[in-house]
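Each chain carries a letter (A, B, C and D) given by its place in the written order, and its residues are counted from 1.
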Amino acid sequence: MAQIGIRIRIEYFAVLREHVGRAQEEVSTTATTVAELFAELERRYAFPALGRVKVAVNDEFRDWQAPLQDGDFVVFIPPVAGG
Amino acid sequence: MAQIGIRIRIEYFAVLREHVGRAQEEVSTTATTVAELFAELERRYAFPALGRVKVAVNDEFRDWQAPLQDGDFVVFIPPVAGG
Amino acid sequence: MSHFAFSRLPCTPEHYRALVSDPVAGGYASFEGWVRNHNDGRGVVRLEYEGYEALGVKEGERIVAEAFTRFPIAKAHCVHRLGVLAIGDLAVWVGVTAAHRDAAFAACRYIIDEVKTRVPIWKKEHYAAGDSGWINCEVRPADAPA
Amino acid sequence: MSHFAFSRLPCTPEHYRALVSDPVAGGYASFEGWVRNHNDGRGVVRLEYEGYEALGVKEGERIVAEAFTRFPIAKAHCVHRLGVLAIGDLAVWVGVTAAHRDAAFAACRYIIDEVKTRVPIWKKEHYAAGDSGWINCEVRPADAPA
């Protein structure tokens, strides 16, 4: 059975942007949750150890088990350091 | 036996200045402590009720039982309200 | 440098802020007391501050010195206005810098709290109704002062 | 009025202070984070702040709204710099006015604490030795940040 992927837009910031080498990309994925998408990207890019990463979908913080839909905009948020 | 008085310079601030009607005066007194001096002035001027009054002698906070010496400079400090 | 001063002229916070700036300081906490248009339910039109300056400066300096002993801070300063003030005028300014914000906040709070209760300064409020009163002497505020 | 903003240009505290002034306010508490010339024992020559602005503004606004719910304050605002900053530059500004200073201090502290842990902003330090690192990602400070 052929898997039908969804298209996800991803934006990278800070240490992730520098590691991946670009600020944005669009990926086609069979991941159904943000956790699955992160695992897929980790295999592709071998992210550095980052401590506790959070995730936002469509500019709102979401749970790692949040489902993904075609056209979602996802940002992985490494530990912040404002101020 | 004739009592030998001492001369004390007093400065009044705020509500006491307005009540007494002047900012400074020099008094001749037989008071030996600041408490005695205050009692003497209270009889003369009938100070309004002021809550907890503090006292300074020669620009330092002192105890009410502090002794007085000729030439001392005394300020009675009504409740403060800075800020 | 002195750490406490009275001012008979309006205070500009930028001037005092520059006094406490420090390249080792990552945190700057400040407090300003402003003349409110009301107190204890009454309309206020202006204030007068009177100070016993010789003792007030000594006590203010002692308070800031205590803050340096209690908290790891870089610089601190406090200035209090005297004379006639209008609504919105700055009455008191406290600024503290420190490597970390915990110390900056704690020292700033310590200084303003102690200044309000220990420095010989008196405040006369002039009310919209035309009367006036010395706060804490003739007028007892129902709520804590700002 | 918005209560949280990012700025790519240098911030002047006087401008932001005016945003929170209020005739009912007797107390104004503010906090500023400045770029220090050192961190964790290393000489710092400049910083870069990067922000996820769309989410950052939402989260910043939520934090200030929480402060209004928790404390009886009159006005509050926070602004955070983005881009390249030099030593001594203002990185973050928080200002709160209230009738009384308890609320002004508590709300100011609440806002800076929450902004530092919740708003998606990242800081890259450039060191005197020539290298650089993203704080809390590649560089773990031994002490708490200011």
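Note that contacts are C-beta pairs under 8 Å (C-beta built on N, C-alpha and C of every residue); 3 or more make two chains touch, one makes a residue touch a chain.
All values reported here derive from a predicted model rather than from experimental measurement.
Novice: Which is the least count of steps on a path of touching chains running from chain B to chain C?
Specialist: 1
Novice: Could you pull out the chain whose C-alpha mean position is farthest off from that of chain C?
Specialist: The chain farthest from chain C, judged by C-alpha centres, is A.
Novice: Could you give the separation in Å between the centres of chain B and chain D, each centre being the mean of its C-alpha atoms?
Specialist: The computed centroid separation for chain B versus chain D comes out at 50 Å.
Novice: What whole-number Å value describes the gap between the mean CA coordinates of chain C and chain D?
Specialist: Centres of chain C and chain D (C-alpha means) sit 24 Å apart.
Novice: What whole-Å value do you get for the distance between chain A and chain B if each is reduced to the mean of its CA atoms?
Specialist: The mean C-alpha positions of chain A and chain B differ by 76 Å.
Novice: Could you list the positions in chain A whose residues touch two or more of the other chains?
Specialist: Not one residue of chain A touches more than one other chain, so the list is empty.
Novice: Mind pulling the residue numbers of chain C that touch at least two other chains?
Specialist: 33, 112, 145-146
Novice: Pairs of chains that touch, anyone?
Specialist: A-D, B-C, C-D
Novice: So in the complex, which bits of chain D are touching chain C?
Specialist: Touching chain C from chain D are residues 13-14, 17, 21, 23-38, 87-88, 97-102, 104-105, 108-109, 112, 143-146.
Novice: In the complex formed with chain C, which residues of chain B make contact?
Specialist: Against chain C, the touching part of chain B is residues 11, 13-15, 17-18, 48, 50-51, 56, 59-61, 75, 77-83.
Novice: State the interface residues of chain D toward chain A in the complex, per the touch definition above.
Specialist: By the definition above, chain D touches chain A via 33, 49-52, 54-55, 58-59, 80, 91-92, 112, 115-124, 134-138, 145-146.
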